[in-house]
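What follows is a set of structures to go through.
Look at the two complexes coming up: chain A is in both, with chain B in one and chain C in the other.
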Partner chain A sequence: MPGKTGEINRMDRRDFIKTAGGLILTIGSGTYAFRILSATGASVSGADNPLIGKKWGMVINLDRCRSDCTACLDACRAENNVAYHGDDRWDLHWIRKVKLEGEIGHTKVEKSVPLLCNHCDNPPCAQVCPVQATYKRDDGIVIVDHHRCIGCRYCMIACPYNARQFNFKDDEAWPNKDHPKRSHGVAEACNLCAHRLDVGKMPACVEACRNSGAGAIMVGDLNDPESEVARITSTMAVKRIRADLGTEPKVYYLGL
Partner chain B sequence: MSLNIGKNKTIIFAAIPILIILILVLYGVISQVVALGSEPPKVVLERPDPKYDKCVRDTEYMRFHHWQLLREIREDVVRYGRRGEIGLNRCKECHTSREKFCDQCHKAVSMTPDCYGCHNYQ
Partner chain C sequence: MDLKFDSIEGDSIQYRLMMIAFAVFAVAGFIATWSVIEKGLWVTGMNNRVPWGLQIVMAIYYIGLSAGSLVISGLYGVFGKQEYKPFARIAVYVAMLFLIAGLLSILTDQGRMDRVFVEPFVYFNLQSMFSINPILYIGHILICVIYLWALFYERKKLTTVIATVAFGWAFCVHSGTGAIFGFGARMLYESPLLPASFVAAAMASGTALMILMIVGLFRVTKRPLDDELIIWLGRFLAICLLVVVYFLFVENAYRAYVVELRDAAVYYLFGGLHSLLFWVGLILIGCFIPIFLLFYRKTGKTVRWIVFASALVVFGVMCERYVIVLPGLTHPPDLFPGMEITESVIQEGIVSYSLSFLEILQALGVFGVIGFLFGWGLKYLKLLPSEARVLNQTENIDVSPEEK
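So, the complex of A and B:
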């Protein structure tokens, strides 16, 4: 009801509630919107993210990989503290070597193939992870945040390459004390030695392979046309394992 | 003799919250009195090995928020590959002993952070 004469500014209850409600709604939604907008504005994956623009990939030349050599496996274990108990049930393998036998024409061909996490561009392990512990870094490395992993093992089921493994037990051995190991109850896989790539070093397996004289494994930036890996993948007959699955793996095999 | 709730309904429903509040207040008062009587846990921290002039943040901040800082650093390293100088490895340089540094307070307040299952801090 409008006031009587002389009481122009007097509000009745209805007007007061309407104004107050409107005010609260405006201020509340305004603050909320500001918080959301400023949060996305300060997102860390912005311009100062050193990973953007890179795309790490690996090339394995099977013609140079010897079946009796385990240099990359040992180097990986020593660098990344991959658990080794001496028991097949609990051992973890970031790289494992598989022997392939076949025939080309009438000649028998035998090849030793190192298998590892393929760092898919479209990783099924990251899609199924319920806590987003597994994710694809901006430089294409598929990595596990072991702080977050709850050990549900969905990723092990999702991975078509069997690259994922689970820590059923704590490992006492700790060869590389500068690098963390994993405790019981998390899943893990090759992380392409992200801690070494970040500081400009090559992964442990690459160095070991080069030092052993084989030089079969190469890692480089697929987005950089100058790099050896990009040159090989664009000009030579490379194959990826189960490329038909649409996971877009980034480990390329020469001579498979 | 049957229990006639109908008449006493108001009293009963008023009494329930009052009782709950009373119990909570009593619990608070008693625990405070007990806490006043007992000695606070003694924490003796080792003098840091002075490799650097000062800590990465001031003492007051580190005392209450070191875990927040470590979590931010972890997020930076794990998610975005920004491997800076600050981290558990940097702590280790001055506060050389875990038993005499981290564990002292953690034990006193019954905290069991599981950093050291995976990270090396001797």
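So, the complex of A and C:
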């Protein structure tokens, strides 16, 4: 009962190698040509690059943060079109507040802590991103290219802070029309309002916190010794979350 | 010796029914995947705390089966065991199909499936296990194609070379897959042992599945098959299982011993449904019972019992894949050691996960696609030998005829 493979048998070995080799060469060289071309187009020399020399960092003073206040959360959602569905499994939160409880001796400690992307200097999310959609800018902001993200969610696995979230579904609301919203299928996290910092404005959460009268959140250039964040982080007892992991977070907490 | 390979007729009613069933599965999976593309991944039940689910479990399961099947073909190709030549073609073909299944599972799990074909190759990231692995997978498929070609055209030298390459490559493929988890930051993932234990489990599941398939195919198509061949594979399977148990023991002993991982270990071993899958599905059904059956003199030399043990292993390793992927996600990262998060807008502590109907449909779809390709291969490629017999030089294995 012979099958129909007789035809395949006639394929010449030379033809096979030629076709396979040609295919590999074409794909390989095409890919690298594309990479080199796109890289030269996008590169900015050091002198023109306003990002170089800056290193954005954040300080959150927990003694000034009120547990009942959600000004920063609301401002962030409105500014960045962060999707909200009313279901805690799929809601996105670039910044969220948690209540922490612990005991030191017999004293009960209770704190309200805003958590967000730590913009690590060694970001595990960027390390594992298979398409370099998540990357660290020269000024230290960890940001996602939503046009490149394939939605593999490996960054969410890698982030030790649960700071990364995924657009599991589309959101109808689009509060800030000046700013894009994301389709379902891509991951995201706080981008420190890079679009605002780039034009000299403070991130939405910082502004909202100041307007609420608390002024608990500060953002500034850690490389500039004159800046307030540099002054606080170098002279006061600040703490970073799980700094022991070696991720070098750039969000510092006062009073944690 | 002249061993004849042939395709099957494929005219029987059973064959047609099987192909129709596979096609129905594939269509169901396609519809489910289309709904994911349209509506978003939330329809699968995955969420921000459990971002990976059944498709990833199945992906690493298939990739394991693939690596394991390739090892069986290596018995002839690498180690020159002539008596296993009859299984070489089918083993390589199945290895290729399982890898395709793994890739399909990963593909259908992506948020933006449309970008998967370009971006990972253009913006390759050497630091990411997720970038390195597709290269390993695609290389594996290419090697399988060349390997099959060498086997079909009886190129002896090329077979030895490509079989050796494939053998080594299969190790890399599975170590790489293990590293996706083992090199990760989650408390229940992080383990340098994971790539190695992945390889062991892969070899066990691959061997078990090959035993099931070979015996099944030879019986159904009424081809002569000597029991000794299967008995030897059964022993090989038993040894693989011992290695799997050893790795599992070391890994969990470490977690239970190190203070910072102790809570996670307790959660892993006694924390819910996954613990049941671990103890009953993996340890008892997947390892201990098969090890006993395969080493016990009476059952270890009876093909029927070996087949039964293999079926248990195939199930057990699926449980293993589940308990690798999911407990690591449902267990939370420790953000504030020594303190507890008591209120939050997201689920911060231990969360639950359950399979959704849509995920199962997607998984069935992938199974349908490769099942269909398997059936197609049986009919149109010369995969099966006319017989599988023990050669003269190995006839001194001490198996008395009445035990067979």
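Just so we're on the same page, the second predicted complex is superposed on the first by the 206 of 256 C-alpha atoms of A that agree within 3 Å, B and C clash if a C-alpha of one lies under 4 Å from a C-alpha of the other, contacts with A are read in each partner's own complex, and residues count from 1 in each chain.
Please note the rule applied: contacts are C-beta pairs under 8 Å (C-beta built on N, C-alpha and C of every residue); 3 or more make two chains touch, one makes a residue touch a chain.
A quick note: this is a predicted structure, and the numbers were derived from the prediction, not measured.
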item: First (chain B), second (chain C), both or neither touched by A:Asp170; value: both
item: First, second, both or neither for A:Leu100, with chain B first and chain C second; value: second
item: Which of chain B and chain C A:Leu92 touches, first, second, both or neither; value: second
item: Which superposed partner A:Tyr161 touches (first chain B, second chain C, both, neither); value: second
item: Which of chain B and chain C A:Val109 touches, first, second, both or neither; value: second
item: Chain B versus chain C as contact partner of A:Ala187, first or second or both or neither; value: second
item: Chain C versus chain B, contacts on chain A by residue; value: C
item: On chain A, the residue positions that both chain B and chain C contact, one per complex; value: 170, 184
item: Complex contact set, residues of chain B against chain A; value: 74-76, 78-83, 89, 114, 117-120
item: Touch list for chain C against partner chain A, complex; value: 6-9, 39-42, 46-49, 51-52, 109-112, 115-116, 119-125, 127-131, 134, 142, 149, 152-153, 180, 184-186, 189, 329, 332-348, 379-382
item: Contact footprint of chain C on chain A as seen in their complex; value: 1-5, 8-9, 13, 16, 20, 27, 31, 34-35, 38, 88-93, 96-102, 109, 115, 124, 127-133, 148-154, 156-162, 165-170, 184-187, 241-242, 245
item: Chain A residues within the chain B interface of the complex; value: 44-45, 49-51, 135, 137-139, 143, 145-147, 170, 174, 177-178, 180-184, 194-195, 198-199
